[in-house]
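Paired with chain B in one complex and with chain C in the other, chain A is shared by the two complexes that follow.
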Partner chain A sequence: MKLEMGNIFVKDVVLGEENAFEEGILTVNVQGLRDHLLEDHRIGKVNVDLAKPGESVRIIPVKDVIEPRVKVVGEAKEFPGVTSTMATAGKGRSHVFKNAAVVTTGSIVGFQEGVLDMSGPGAAYSPFSKTLNIIVELEPKKGITQHEHEEAARLAGLKAAAYIGECARNLEPDEIETFEMNSNAVEIVKYPDLPKVVYLEMLITQGLLHDTYIYGLDAKQTLPTLLHPNEVLDGAVVSGNCVAACDKITTYQHLNNSVVKELYKRHGKDLVFLGVVLTNENITLQGKLRSCNMATNIAKHLGADGVIVSEEGYGNPDSDLMLNCKLLEEEGVKTVLITDECAGRDGMSQSLTDASPYAKAIISTGNVSHLVTLPPMEKVIGNEKAIEHLAGGYSGSLLPDGSLECELNAILGCTSEIGYHNVTVKEY
Partner chain B sequence: MAEKKVVYYINQFFGNIGGEEKAHIPPEETLGAKGPAMGLEGYLQGEGTVVATIICGDNYYNEHEKDAKKTILEMVKKHEPDLFVAGPAFNAGRYGMACGGVGKMINEELQIPVLSGMYEENPGLEGAKASIHIVRTGNSAATMRKALPKMGEIAKKLLRGEALEEPKKEGIFPQGRRVTVFSDKNGAERAVEMLMKRFREEPFETELNVPVFDRVKAAAAIEDLSKATIALVCTGGILPKGNPDRIESASATKFGKYSIEGLDDFVEDAYETVHGGYDPIYANGDPDRILPLDVLRDFEKEGYIGKVHEYFYTTVGTGTSVMNSQRFGVEIGKQLKEDGVDGVILTST
Partner chain C sequence: MEIHTNNPLVRNTKCKVIYYKRNCIEFYKIIRDQVHLGAKLLSDPMPASRRMMESPFRSAVLLKPKNINEGVDLPSLETIEKALRYYERMRVMKTPVDKVLMEDFQYVDEQLLQSTLKELGVL
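Let's look at the complex of A and B:
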């Protein structure tokens, strides 16, 4: 499978009357975008705004982040099975506006949305303080249910990214990245001496605001399944979740999955990358046993010598993480796990709710309960009072001077368990 | 700037009073530095003065811990020290227990930094290391000359109020505090690097040592349910609408206790969940789905159970640290026991 990613580097974003890209400056057609999203009868109001790195801006509550893209060559369009007809992602050519992102906000659906600061100490904790953000603020029509609200907001973000991305169709990319990998049978013969690696990506699948979609199918209803890495990088997986903002995998992070990219980089040099196994995080014991056993069997059957396992969320799925680890290690497959920690505000608590003696190699992406104070920002997009209802916030989180006192839990993308950011934990 | 003051603790041996035959002596106080305190003071290079040295027999401390601590606290408090130092105890067990026990007590009571030194197998280490700073030393007093300069360096930093560096760099035992920091590589790069090390069978360092869990033994079965009082407890965040005690939707720091006297059903108008870790729609539609009060009341009317306890307890499980959970469990369990509850329906989500 071969995918060409045509990267177009955005230097600045402005709001205007038509979509355009010239000399690094992306112009967004505000009215056009608004009209496009209002076609969904569940959405009552759309506001479009901008937030750029270094600005004194806070966005709250953030739902999802999506990279603007367009499919230029290939049968699939953006987000096949979700915003377009099902077809295989990962083939042909896509054009991407790099450094730009659509960020959805608007009235809160649930407890799990996040906060994003574009400057100050909060900015260092979020990878999305470094992107030029096009903020899409959505207000639902009165009377719709929470499930409808969530779906409308999720689709609006994807549609906005595709609408803006369309403008990249006929541009000459600044750079073409080629992702090409043949079938495992061929690649293994090509590199007979290199260790073979599978990426086992756990997806949260626990109901409203805790769902993930694979080609549009709710991953709750799936069995562990094998994808070519290109499919992940090209829109096969989208986020439908607002699990604690710190460690949910936003759609942007699925499209730029850092473990997939790192394994790709080393493919043929240090290792043979056998593919991505997507598995879910069930809420029943039977479901956990089924998915973990089947995921292990796929990895084993593919001939994996090692597996990187990444978790999404914390608490309940710690048990899936540990079970995956145990089953793989028992089969003689070496594992490295990526997780964050719930070590309490003082960092003195044990971090996980389940443990296995097999879990000897763990990457920690931060303590979600680490407390931070985020000084006031000149501009707030959304509603700062929402902090009291976010995971990581509490009654009294909004201080009289406009500062937010909250746990990292609330900060978007901070403790990414696909290792997208650079936060970690040291023991003192 | 006022001169920084240090109070020092040593046993009868290092206080030059005597060996085993003097291990029974109660705490006594000498002004100024004595024994190893003199050595340490030298390494402080004028940044602090040992204003008093307290000497206590090892046996006395271990046999009269409560009295010893009380006396020592009074002796230390009046000096208003900036730092308390004990030992080093090397691998001396009773001395280590005393240094650790006294050190922890002083840290808690006076809220000042405490420094000690021990060998890794000293039994005093485990109970004290979370609250005081303990320098790694050799296993006998023969290594005093190596231990004191290291303790001096740490003591100077503590007196200046400087943050200590990583325990490995400082040569101290980790306190078990998980501190969030930035790395120069992202998590994915670190993960693949670690896997490559495993393939090459090179040493690697996990970023998190997994905890060891204790197992709770199940209580004996209730002999006669028809006489039993049953309580409802949950971690699913069901509570009176409006969340009167402001329990957090994730990473809870408290639990709530609410009366259900005369209540037959958790109706959706009056109860809701604040839990941030699951789809709340069905719980809010009928909170009994999480905490089955309605069914329990039926059982009560039928005489299948004796009665439903008049209070239910609730908190949010998601993201809540194990340490907080243990605290909630102990407190709730104690209250239920005092109220004569025989059994608990404990639901999670």
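Let's look at the complex of A and C:
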């Protein structure tokens, strides 16, 4: 499978009357975008705004972040099975507006989602403070349920990214990244002496506000499944997760999955990348056992010598993480886990809700309980008071001078468990 | 199969529901007692996100033993003990208690339970 990613680097974004791209400046047709999204009868009002790196702007609460892109060669379009007809992603060519992002905002329930500061200390924590953000603020029509609201907001973000991305169709990319990998049978023969590695990506899949979609299918209704890495990078996985802002995997992060990209880089050099196994995080204990056993069997059947497992969220998914590790290690497969920690504000508490003697190699993506103070911003898009209801915020988080005191929990994408984030770890 | 809950919104679920007007810790301890009496946990009563962990509402699906001599299901015991231990840690956070937030907590807990029941083939 071969995928060409035509990257077009955006230097600035402006709002205007038609979509255009000239000399690095992306113009967004505000009315056109608004009309496009209002075709969904569940959406009552759409506001479009901008937030750029370095500006004194706070966005709160954020639902999802999506990279604008368009499929220019290939049967699949953007987000197949969701905003377009089902076809296999990962083939042909996609054009991508790099440095730009669609950010959706709007409260579905009182406590969901995160804060994104475009400057100040909060900006350092979120990778999305460095993107030129097109903010899509959504208000639902009265009377729709939270399920309908979540779905409408999820689809609106994807549709906005595709609408803006369409403008890249006939552009000449600044660079072309090629992702090409043959079947495992061919690749293993090419590199017989290299260790074979599978990436097991755990997706949050528990119900309202806690879901992920694979080709449009609610992943809690799936069994662990094998994808070519290109499919992940080309829109097969979409976020429906509206909780735990720090470690939710936004759609943008799925599209730029750091583990997939790193394994790709090392494929044929010091390992053979056998593919991505997507698995779910069930609520039922039988479901956990089923998915962990099946994911292990797939990795084993593929001939993996090693597996990298990444988690999404924490709490009961920590049990899936440890069970995956135990089952893989018992099969003789070396296993590395990637997770964040909820280790208390002093970092001294037990980090995860579960543990296993098999978990001997863990990469931490940061302590979500770490307390930070974010100074006031001149402009707030959304509802500043929402911080008190966000994961990581609490009553009294909003200080009299407009500063926010909160845990990293509240900051969008700051402890991403697939590694697309800014926080690092130091050994003392 | 029984649903045990301290969430008033779950009381009308079309299954056998046992409602406790108790706080989360007391509720977890009741579930632990049930497990010691031989019940099996079919769902994990620990949420998957920080905010829901701070929610005072929980629901659990239990399978009661047909025979009192079946013994304690150790995975169930381990699961409820973990949930209890972790919640005790989380209580240090000052969670806001306004009415709308409480209604949202109840609603999401009820919706997550619906997902669980669908997965179990009940709904």
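Operating definition for what follows: the second predicted complex is superposed on the first by the 419 of 428 C-alpha atoms of A that agree within 3 Å, B and C clash if a C-alpha of one lies under 4 Å from a C-alpha of the other, contacts with A are read in each partner's own complex, and residues count from 1 in each chain.
The criterion applied here is as follows: contacts are C-beta pairs under 8 Å (C-beta built on N, C-alpha and C of every residue); 3 or more make two chains touch, one makes a residue touch a chain.
Quick caveat, the model's predicted, so the values are computed rather than measured.
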Superposition on chain A - do chain B and chain C clash or fit: clash
Chain C versus chain B, contacts on chain A by residue: B
First, second, both or neither for A:Thr178, with chain B first and chain C second: neither
Touched partner set for A:Thr284, first chain B, second chain C, both or neither: second
First (chain B), second (chain C), both or neither touched by A:Ser319: second
Contacts of A:Val197 with chain B and chain C, given as first, second, both or neither: first
Contacts on chain A seen with chain B and repeated with chain C across the two complexes: 110-112, 146-147, 206-210, 243-244, 283, 313-316, 342, 344, 349-350, 353-354, 368, 389-392, 394-396, 409
Of chain C, residues touching chain A in the complex: 41-44, 46-53, 61, 75-76, 79, 82-83, 86, 89, 93-98, 100-101, 104-105, 107-108, 111-112, 114-116, 119-120
Residue ranges of chain A in contact with chain B within the complex: 110-112, 124, 145-147, 195, 197, 206-210, 243-244, 258-259, 261-263, 266, 270-271, 283, 305-306, 308, 310, 313-316, 334, 336, 338-339, 341-357, 359-370, 389-396, 407-409, 416-428
Chain A residues touching chain C - in the complex, by the definition given at the top: 109-112, 146-147, 204, 206-210, 220, 243-244, 281-288, 313-317, 319, 342, 344, 349-350, 353-354, 368, 388-392, 394-396, 409
Chain A partner contacts - residues on chain B that touch it in the complex: 130, 164, 166-167, 174-192, 194-196, 198-199, 204, 206-208, 210-213, 246, 248-251, 253, 274-281, 317-324
